[in-house]
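The structure's right below; bear with me while I get my questions together.
The chains carry the letters A, B, C, D and E, assigned in the order they are written, with residues numbered from 1 in each.
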Amino acid sequence: MDFATLVGLVGALLLIASAVILGVSPDVFINSSSLLIVVGGTMFVVLAKFSIPQFLGAFKAALRAFKFKLPETQDSIEELVEIASIARKEGPLGLEGRDVSSPFLASGIQMLVDGQNDETIKQLLDKERLMTLDYNRSGSKVFTAMADVAPAMGMIGTLIGLVQMLSNMEDPKSIGPAMAVALLTTLYGAMIATMIASPIADKLSLRMTEEARMQMLYTDALVAIQQGTNPRVIEQMLSSYLPPNQRDKAPEAEPSGG
Amino acid sequence: MDFATLVGLVGALLLIASAVILGVSPDVFINSSSLLIVVGGTMFVVLAKFSIPQFLGAFKAALRAFKFKLPETQDSIEELVEIASIARKEGPLGLEGRDVSSPFLASGIQMLVDGQNDETIKQLLDKERLMTLDYNRSGSKVFTAMADVAPAMGMIGTLIGLVQMLSNMEDPKSIGPAMAVALLTTLYGAMIATMIASPIADKLSLRMTEEARMQMLYTDALVAIQQGTNPRVIEQMLSSYLPPNQRDKAPEAEPSGG
Amino acid sequence: MDFATLVGLVGALLLIASAVILGVSPDVFINSSSLLIVVGGTMFVVLAKFSIPQFLGAFKAALRAFKFKLPETQDSIEELVEIASIARKEGPLGLEGRDVSSPFLASGIQMLVDGQNDETIKQLLDKERLMTLDYNRSGSKVFTAMADVAPAMGMIGTLIGLVQMLSNMEDPKSIGPAMAVALLTTLYGAMIATMIASPIADKLSLRMTEEARMQMLYTDALVAIQQGTNPRVIEQMLSSYLPPNQRDKAPEAEPSGG
Amino acid sequence: MDFATLVGLVGALLLIASAVILGVSPDVFINSSSLLIVVGGTMFVVLAKFSIPQFLGAFKAALRAFKFKLPETQDSIEELVEIASIARKEGPLGLEGRDVSSPFLASGIQMLVDGQNDETIKQLLDKERLMTLDYNRSGSKVFTAMADVAPAMGMIGTLIGLVQMLSNMEDPKSIGPAMAVALLTTLYGAMIATMIASPIADKLSLRMTEEARMQMLYTDALVAIQQGTNPRVIEQMLSSYLPPNQRDKAPEAEPSGG
Amino acid sequence: MDFATLVGLVGALLLIASAVILGVSPDVFINSSSLLIVVGGTMFVVLAKFSIPQFLGAFKAALRAFKFKLPETQDSIEELVEIASIARKEGPLGLEGRDVSSPFLASGIQMLVDGQNDETIKQLLDKERLMTLDYNRSGSKVFTAMADVAPAMGMIGTLIGLVQMLSNMEDPKSIGPAMAVALLTTLYGAMIATMIASPIADKLSLRMTEEARMQMLYTDALVAIQQGTNPRVIEQMLSSYLPPNQRDKAPEAEPSGG
């Protein structure tokens, strides 16, 4: 997952950079005060829309999304089927202290071990999933706000440049370069929004959905385990979480499953 | 279905191409670096928003939508009425090994054969329908993202061209052609969004809805079959899935149905 | 209903036409290749987004909306109260073969005659209403798509015209007229979207809502008739479907109703 | 309520008018054919989107919203507590013929007098509230449509003016004034949308919400009265409808209420 | 929270101000009649969309959001666990007269003391939460309306300036400065919307959500206390309201809690 985002972001930026460098006057594209208006202004305005922990949390969430991968659905199903087999043979207590791939799953197993009933487990895990989703969503929202604010700051910068240019038109030769500089903030704003903030916001939002689906899968499995469902039935039930093209492969991957 | 999309896409492109070729200076409309910025940039940015399997999956989904047609509602109803008749005469086991037109229907019939109760069948098939919808939706989302990103990349390209032009205006004669080239990326972006990405996204989304409706029809029928409903009642019940203008024809198509 | 749409569409077009004809150079506003790009291009792109039956069905739906009027709510309530009275006196069988104002109502009465219970009637009629709404909605969607695509095709045409003009600026005198022609496609696109496609889409959507409300009224009444509710109570119950200003008149219209 | 809208609409228009009159050449801002295109065109297009009763009804609704004020929540609560006291002491029949502040409340009291049970009362009043909301909403929708159509008609007018100007550029001196006139329709469209249609639409929509909340309050109270709830409990229950800052004042206003 | 908004708003404005002051002709950016059109016009139009109490209430809400901080989730949980312990030991009456951190919590505790059952408590507190949300939301809506109206008023001002300039082009030297002034209103409108109104609207909306979440937490806790749940179980249950990264810290903060 992270790979696609990295390739996409770097590839798009390199493409634009090469178009600028190979074109005429590449040096005109770097202007520190234009950059300050767009980048600094966007950061300040977005900060004003959130709290400091949310603002910083968004960058942490983006970093974490790049570093850590979610487990594959197929792997999680196999892990859960194994847990179900143990719970069936040794009872829920056999799961005590088991090392699992996700803290959400661990807290669910703890509930099994504590002997909670199925309704309580479902209720508590659903609440935890919704709360996690809620907090995680703010990461995506910060980058979405950036994608909204950056073009507006770009336009504000361009309007300032145009007003300055229009009120000082004695030297006709200066009009072209002045207008070029004025347009730079619009360019910066469009690039930040389209090529950086919006892809990261979409990727974070996608990841949150996938994390929530994974937690729904865990919840379904844990409730079924608590109810003493046969591990094979659990496996069949969870297979609906697999993308359609992986469902056919599932029996091949575990031919001796029955 | 595929036919309309093919005619529409090719027709619109030919119309624009002929307007360009019959006009003045058709050669000015092809510019490889402009094309690279818009097409390459859009692909990279969209890739960054998704994972590699989703990105490639979208193109596969588009191809599949062009190649395979969904069965007609009327044909599916007839197939299901036949299945209901067999299940009524020979019991669910009489359906074992039957060759049906859709894998979704096949898995539902397997549940009948396995003797699952109606609630379980409904629950499992509903879950499968929602999961299929969920995974399929990403195909449409990739093309929707393309339709959003392409005009933005076009504008970025035009801004770069304008900045280059404005900072080099010594030769007034070069201004027109330079501006023409700058506008090309906006034109490319608008064409990709309006005439390619957006129609494919809408078509995929439409097909997903129709596939989901078909799966809902299968579910309704299978639950009714499990409950031992009379095939004639099932036929009447399913006829609400037909478009209004086909409902009148339905009895004509099966005059001896009663 | 149809009257308002007809007056509105024709009135707006005549207004614009007279502004063009009374102004300078009315002949410059007609350009066949611009018209072909916008009208033809829009048709092709919209066709690509739907299937051929849906595309043609939208025009049929628009025609039907112009030709046929929905019955007035007050008239439908009176018809239903009469039906309720007959069902009360003669039993549901007294309704057999009765000529009613809508096929939806007819199929509901057939259920009464067939002796279905109230839950089945409600369920089947609700399903039919939702399915009708679903199919009818595509008519509105086709015109909404047209309203979206036409301005985009207009912009594409204008960009093509601008690129052609900018790359051939030897004769300064030709710039004005060339730019005028380039702007024509934007004008055509805006006119098609604002003055034709969008009003028809909104009108179809409004009519679908009204048809669905009428079907909800029929369903409420038929369920109440099946339950043997007193016709006077049914009348009172249905009066909530009348617009507030007609509710006061209702008792006047049927002074001997009690 | 009406006061704020009146002050706002008149104030904004006076501000713009004074900016025009105090500026250079105020007479250039009045152009009858531009006004006809924008105002007439907008009216015709909006008419086409609705039916004649809906179109005229919107203006009536706007007038009514200016003329009649909704009762204050605090006053309604006091009225309902009084009604509850009477119903408690004398039974529902004691309410017969009572003069109340709203027709909705009157019809609810009639249900009490008729001896309907609480479920029927709730169901009928809820249905009436939703239907009223539904019909009232179209008033807001007509003005929203105006706010959408007016800028589009303004742009169409400007495009017509630009095409006329561009195809007749022999006299350079006429270009400026011709362009000024062309821009007038865009100005008219923006002013109608921003300063007239959109505020009225928002105000009508706000009023509808407040009317619906008031009807919900009446429903809650009437159901509680039918159930024989203590008037003091009803008062406490209804106080959640008061804005937070008025809740504290409530006990002060009725110190001897307990 | 307030800190982030203050830093963000002031920082962005200082950034733009320094870009203007350090640039050429900073005095051209102040124009009283442009400022009057945009600020005054926006205020009048927004006033027209709401009532006077709502309009003024929005500014009060913004001020309150800057002045008062919501209690930390962790602190509220600790407070509630303490309340639960008292209620367990001394019964609900032990809570009478207790000083708590929020009026919402106080009214809930009063219900406990009054001996209301759990369903009534949940129903009344849910109703109060929704009503509070409803009234509070209008604060955010007023600033959102400002963010919508300000750019439109800016465009209206610019169009007025352009029409004036275009109809008086005798002196070519005056065109530049006149156009600069015309653009000022667009700049003001964009700045008010992007850098002031929209951040405040978003911040108020965020705070409302957080307040509603806090009230949901109080409701959950109070219902559990009424049901006599063990304080330790309540603490565990409420911990799902903590952001994920604080959940791990929770046991550290209360090591002797078990």
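As a convention for this text, a residue touches a chain if its C-beta (ideal position, glycine included) is under 8 Å from a C-beta of that chain, and two chains touch if they have at least 3 such contacts.
Computed from a predicted structure; not experimentally measured.
> Can you list every chain that touches subunit A and also touches subunit D?
For subunit A paired with subunit D, the chains in contact with each are E, in label order.
> On Cα atoms, by how many degrees is subunit D rotated relative to subunit E, nearest 5?
Angle of rotation between the two copies: 70 degrees.
> From the C-alpha centre of subunit C to that of subunit D, how far is it in Å?
That gives a centre separation of 25 Å.
> Averaging only over C-alpha atoms, locate the centres of subunit B and subunit E and give their separation in whole Å.
The computed centroid separation for subunit B versus subunit E comes out at 41 Å.
> Two or more other chains in contact with one residue: find those residues in subunit A.
As it turns out, subunit A has no residue touching two or more other chains.
> So how do the chains connect up here, line, ring, star, complete, or something else (other)?
Looks like a ring, each chain touching just two neighbours.
> Which stretch or stretches of subunit E touch subunit D in the complex?
33, 36-37, 40-41, 44-52, 55, 124, 127-128, 131-132, 134-136, 145, 149, 152-153, 155-157, 159-160, 162-164, 166-169
> In their shared complex, at which residues does subunit A touch subunit B?
It is residues 1, 3-9, 11-12, 15-16, 19-20, 22-25, 28-29, 176-177, 179-180, 183-184, 186-187, 190-191, 193-195, 198-200, 202-203, 206, 213, 237, 240-241, 243-244 of subunit A that touch subunit B.
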